[in-house]
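For reference, the structures are reproduced in the following blocks.
The following pair of complexes shares a single chain, chain A, combined with chain B in the former and chain C in the latter.
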Partner chain A sequence: MLGLNKADLRLFLIVVGMVILAPFILNPFPSSSGLAQFNAGYPDLMQKLVIFGIFAVGYNILFGLTGYLSFGHAAFLGVGSYAGVWTMKLVSMNVIPALIISVIAAGLFSLLIGYVSLRRTGIYFSILTLAFAQMCYSLAYSVLTPITGGETGLTLSLDDPRILGAAQSATGNTPVPNIFGFNMGQSANLVLGNWSFTFNVGYYLSGIVMLVAFYLAVRLFRSPFGLMLRAIKSNQTRMSYTGLNPRPYALAAFVISGMYAGLAGGLMVAMDPLAGAERMLWTASGEIVLMTILGGAGTLIGPILGAGVIAYLESIVSTINDNVLHGWFSGLPGWLDNTLVTIMHPFIGSGWHLTLGLVFMGVVIFLPGGIVQGGKLIAGLFKRKSTDASETTAKPSE
Partner chain B sequence: MEAIILQILNGLDKGSAYALIALGLTLIFGTLGVVNFAHGALFMMGAFVAVTMSRVLSLSFETIDDSRRDFLGNPMVIDTPYVEAWFGPEVGGALIDWAVPLAVIAAIPIMALIGVVMERGLIKHFYKRPHADQILVTFGLAIVLQEIIKAFYGANPIPTPAPSSFTGSFDFGQLLGFDPWAIMYPYWRLVYFGFSAVIIAAVFAFLQFTTFGMVVRAGMADRETVGMLGIDIDRRFVIMFAIAAVVAGVAGVMYTPILSPNYHMGMDFLVLSFVVVVVGGMGSLAGAVAAGFLLGILQSFASMSQIIEFLPGINQVIIYLVAVAVLLTRPRGLLGRKGVMED
Partner chain C sequence: MGILEVKGVNKRFGGLQALGNVNLDVREGSCHAIIGPNGAGKSTLLNVLVGKLIPDSGTVMFDGKPVLGRKPHEINQMGISRVFQTPEIFADQTVLENVLIPCFAGRDGSFRMHAFESIRNEEKIVDQAETILREVNMHNKMDMLAGSLSRGDKRRLEMAMSLVQKPKLLLLDEPTAGMARADTNNTIDLLKEIRESRNITMAIIEHDMHVVFSLADRITVLAQGTPLVEDVPEKIKGHPKVREAYLGDAEV
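Up next, the complex of A and B:
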């Protein structure tokens, strides 16, 4: 069905189910309980989870398949965001044109950068992409301020020359992004006892876009083109001896993943029409690499898992503060409580980046195959010998 | 003419910093074959050694002087730094004033230790792993190091002044026969340039004229053969890693009076230093130094107001544009050799 084989179809249906039921899955704790802060079922975070999922799925097409480690993908996200906001300023508040323009802009931009960067491989490539991203960041902050809004960021204003639709809403505010009349911020609430579930228009739009993006990625993974990309990773020299020039394939993968990043950027501004240069910073590029690796580079589901875990951890960890910790440890003796809080203090709240860095190192050192590899290892422990043989043969293909 | 000389001089100090960091990067890359994304963090940590040094030296105790009153009428509280109490106000005052140069002495063992711990504790395990993994783990380390510094010292830049005898500017104009005041150059930048020239010369001399350096160079060219000759090349490479860390660290220490250290300065410099290494030619020490100065000077020319008027924003992108041009015309960089780090 859908041109997928059985295993892929099952995986795809699982993802579809997860996206549709996310408001339930992510809200397991009743809102009155102390654990409610671990709930992720609010629109902002759910949108973020799927949007970063798109970004990571796209990044995986480049890094997971071809092995080219780009450190500048945040730049494409930024370009997509700016293009999206400008489309909303100039054309229409409907998000469809904004998304299309974001993808096209990021695609063209990644074609330019990819053409230059892909002249080198390995570390040179990583350094070049990092350099380009930093260049975009500093340009967006300084000279390009008329286009990017500089430090304050680019946002809608009350006198935008919008072709389709008015510059202001009836109440004199800036209009909100919508899709055929449904506002992105619009939500329906379902209250069941102590639980409250939110169904948000923006989330479901992003979710559908992510499913389409994921489906395309699965098809790409299984296509002859995907096989070519794997060939680049395993042995470029051998590939060129068979008469194939690897560069156009690598460039195509780079542009495709750039377009995914642009799509993610466009969706971000569709949810909240504000684009800032800090989205292009090197830490943002590093974060997307981490998401892909944490989930499992080169696997289908890995990037989505990784993006989900990181985005979830980021919003949860950065909201924890000392008082919350004291609340957790209130059952312990006072001195132990204070010691634990002192130890954990640097890792929470604004110290989220420290936790991120440690997770990053831990994953690279101990689990280079990410969550998917970890899951396989655990599954292997239970299945014993029958899987041992297939485990060793399956690994190199990842 | 004056403007040109001034821009060359202005480019020298930034170029020196690039050259020193790029030199260390190339040393690590050429010996261990590892791309160290945490090298900028070492530069930053060096700068914070200077901050710590000046804080330690000005640690003080409070005494209450009853004979004097502050504006509220309470007895005056006087802070006396310990060093002034121990060594007398003159020597103590001089010590505090000279905190940054003194920090260089402290930074050498500290950075060497950090380098050895980094290599033995982490990077050693990544020799056999793909380059991508090396990049990622050092990248993670860079984040961790800079966040630790941020947790201890806060996010704001911490001004750390140069010794007061170097605060003025040197009048180059008069020296070269132009009008006085035409070319003013801060003394400290002159010191920085001289300092980095000495360090660079020392590293080159060490590699060129000592037996140790000879072995290291042989190891860079062909690691296997050197190993087969019964030389423990790994141990020597660890020492080279420590030297590279020290070079980056002292470069950071001496840079503090020019740029107030903040926790993310390492990454800012690292990105540019990588570009410097790529332009100079990966694995070429001379290329790294030459490209460092070249790009530093180019950047300072691009910041001239006449040029910015003509091409706005050029000062932000000139380095990257040069890198692109070099890579498209000479993919190995200016002084890169065939077969060195081609993969």
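Up next, the complex of A and C:
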């Protein structure tokens, strides 16, 4: 079905299920309990999870398949964001044109950067992309202020020359992004006992876009084109002596992943119409590399998992502070409570990068294949146990 | 008229004359061996033929078309396939995928976006790949990772990858270097079989005289970048100049 084989179809359906049910899955704790801290089922975070999922799925097409390690993909995210805001300023507050223009702008931009950067491989390629991204950041921050809004970022204003739709809403404010009348911020709440679940328009739009993006990536992975991209990573010498020119394949992968980044950038401004230059900073480029490796580069589902884990850690761990900890340990003797809080203090709040760093180190050292490899190991353990069990039961009958 | 004609090729690396006025004529359907002591310029010549090196002067014609100035992938598309000294394969892919890549390369040329086709629907291509694997006796290892194969099997796989492209000329760079005697004999048998069943022209660069004299029907002896003699194997064996330059040491 859908042109996928059985295993891929099952994986895809699992992802579909997870996206639809995310408001329930991410809100497992009653809102009144102390553990509500760990609930992630609020619109901002859910949107972020799927948008970074799109970004990571696209990045994986370049890094996971061809092995080209780009340190400049945040630039395409930024270009997508700026293009999205400008489309909303000039054309319409409907997010569809904004998303389309974001993808096209990022695609053209990545064609330019990719064409130059792909003349080199390995570390030189990485450095070139890093240099380009930093140049974009600096330009957006200073010289290009009329286009990018410089330090303050690019936002909607009350006198935008919008072709379709008014410059101001009925109440005299800037209008909000919508899709055919549904505002992105609109939510429905479902309260069940102590639990409260939020269903947000923006989240479901992002979720559907991510599912489409993921489906296309799965098809690409199983296509002859995907095989060629893997061949680039495996052995470029063999490839060229097989009559294939690796360059156009690598460039195509670069542009496709750039377009995914642009789509993610467009969705970000569709959720919140503000684009800042810091979105292009090299730390943002590094984050996407972390997400892909953490989840498992070159695997289908890995990048989505990696993006989910990092976005979740960032939002949840960074909101925990000492008071929250004292609350958790209130049942313990005072000295133990204080010691525990002192030990944990560097890992929470603004120290969440330390937690992330430890998680990342652990994964890279013990599971070089990322979370996906970990999952496979666990699945393998269960399988062995069940086959062991069936063997022991089979023996007496012999 | 030869299928591959090398005329007056010169190549200098700094002060070293790696190739000095090399002329070579590989006839269609023959197995032409190029032998010579270390540093004779065999590998340099091969690299010129596949487009990796550009000589200072001279011409190389293949099938009536100039070769020089083309990139390796373009030369491969003309019908020259190279087999490496250490097998170059796609180590991270399965054996079947390794053969699928040249199959798709033959169908699509150097580049075609086919991101929404599914490999398993390309029955003709998969069939073609499976057939060649059966021919080189690798079909029971189809789902193994190529990197985990033994060296002899890697050689077979590389050969299959070349053969599936139906090349007009097979360039072999010391195909038995570093192999045990048994593996060497297997490779010789494999190459003989290929020659008998497919009638592919071969140019072979080799150190091992056993291999050369079991396969070649014409031999060129290179020494210090220039061809000394070119003749049939029987004549080469007894040639005094050759003995002096090369065989003398090898047959002690």
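The criterion applied here is as follows: the second predicted complex is superposed on the first by the 383 of 398 C-alpha atoms of A that agree within 3 Å, B and C clash if a C-alpha of one lies under 4 Å from a C-alpha of the other, contacts with A are read in each partner's own complex, and residues count from 1 in each chain.
Heads up, the rule we're going with is that contacts are C-beta pairs under 8 Å (C-beta built on N, C-alpha and C of every residue); 3 or more make two chains touch, one makes a residue touch a chain.
Since the structure is predicted, the reported quantities are computational estimates derived from the model, not experimental observations.
**Q** Have a look and say if chain B or chain C is in touch with more residues of chain A.
**A** Between chain B and chain C, B touches the greater number of residues in chain A.
**Q** According to the stated criteria, A:361 is in contact with first (chain B), second (chain C), both, or neither; which is it?
**A** Once the two structures are laid over each other on A, A:361 reaches chain B alone.
**Q** I'd like to know which partner A:231 touches here: chain B for first, chain C for second, both or neither.
**A** second
**Q** In the superposed arrangement, which partner chain does A:130 touch: chain B (first), chain C (second), both, or neither?
**A** First partner only.
**Q** Does the superposition put A:326 against chain B (first), chain C (second), both, or neither?
**A** neither
**Q** With the two complexes superposed on chain A, say which partner A:138 touches: chain B (first), chain C (second), both, or neither.
**A** A:138 sits against chain B, while chain C stays out of touch.
**Q** Using the touch definition from the top, say if A:116 reaches chain B (first), chain C (second), both or neither.
**A** first
**Q** Of the residues on chain A, which ones does chain B touch that chain C also touches?
**A** Shared contact residues on chain A (touching chain B in one complex, chain C in the other): none at all.
**Q** Which residues, counting only chain B, touch chain A once they are in their complex?
**A** That would be residues 35, 122, 125, 129, 131-133, 135-137, 139-144, 147-148, 151, 267, 271, 274-275, 277-278, 282, 312-313, 316-317, 320, 323-324, 327-328, 331, 341, 343 of chain B.
**Q** Inside the complex, what are the residues of chain C that reach chain A?
**A** For chain C paired with chain A, touching residues are 50, 71-73, 76-77, 81-82, 84, 88-93, 97, 100-102, 104-106, 108-111, 113-120, 122, 161, 165.
**Q** Give every residue of chain A touching chain C within the complex, in rising order.
**A** Chain A reaches chain C through residues 3, 5, 216, 219-220, 222-228, 230-231, 233-235, 237-245, 248-249, 252, 256.
**Q** State the interface residues of chain A toward chain B in the complex, per the touch definition above.
**A** Residue list for chain A touching chain B: 63, 67, 69, 71, 116, 119-124, 126-128, 130-132, 134-135, 138-139, 142-144, 282-283, 286, 289-290, 293, 346, 351, 353-354, 356-358, 360-361, 364-365, 368.
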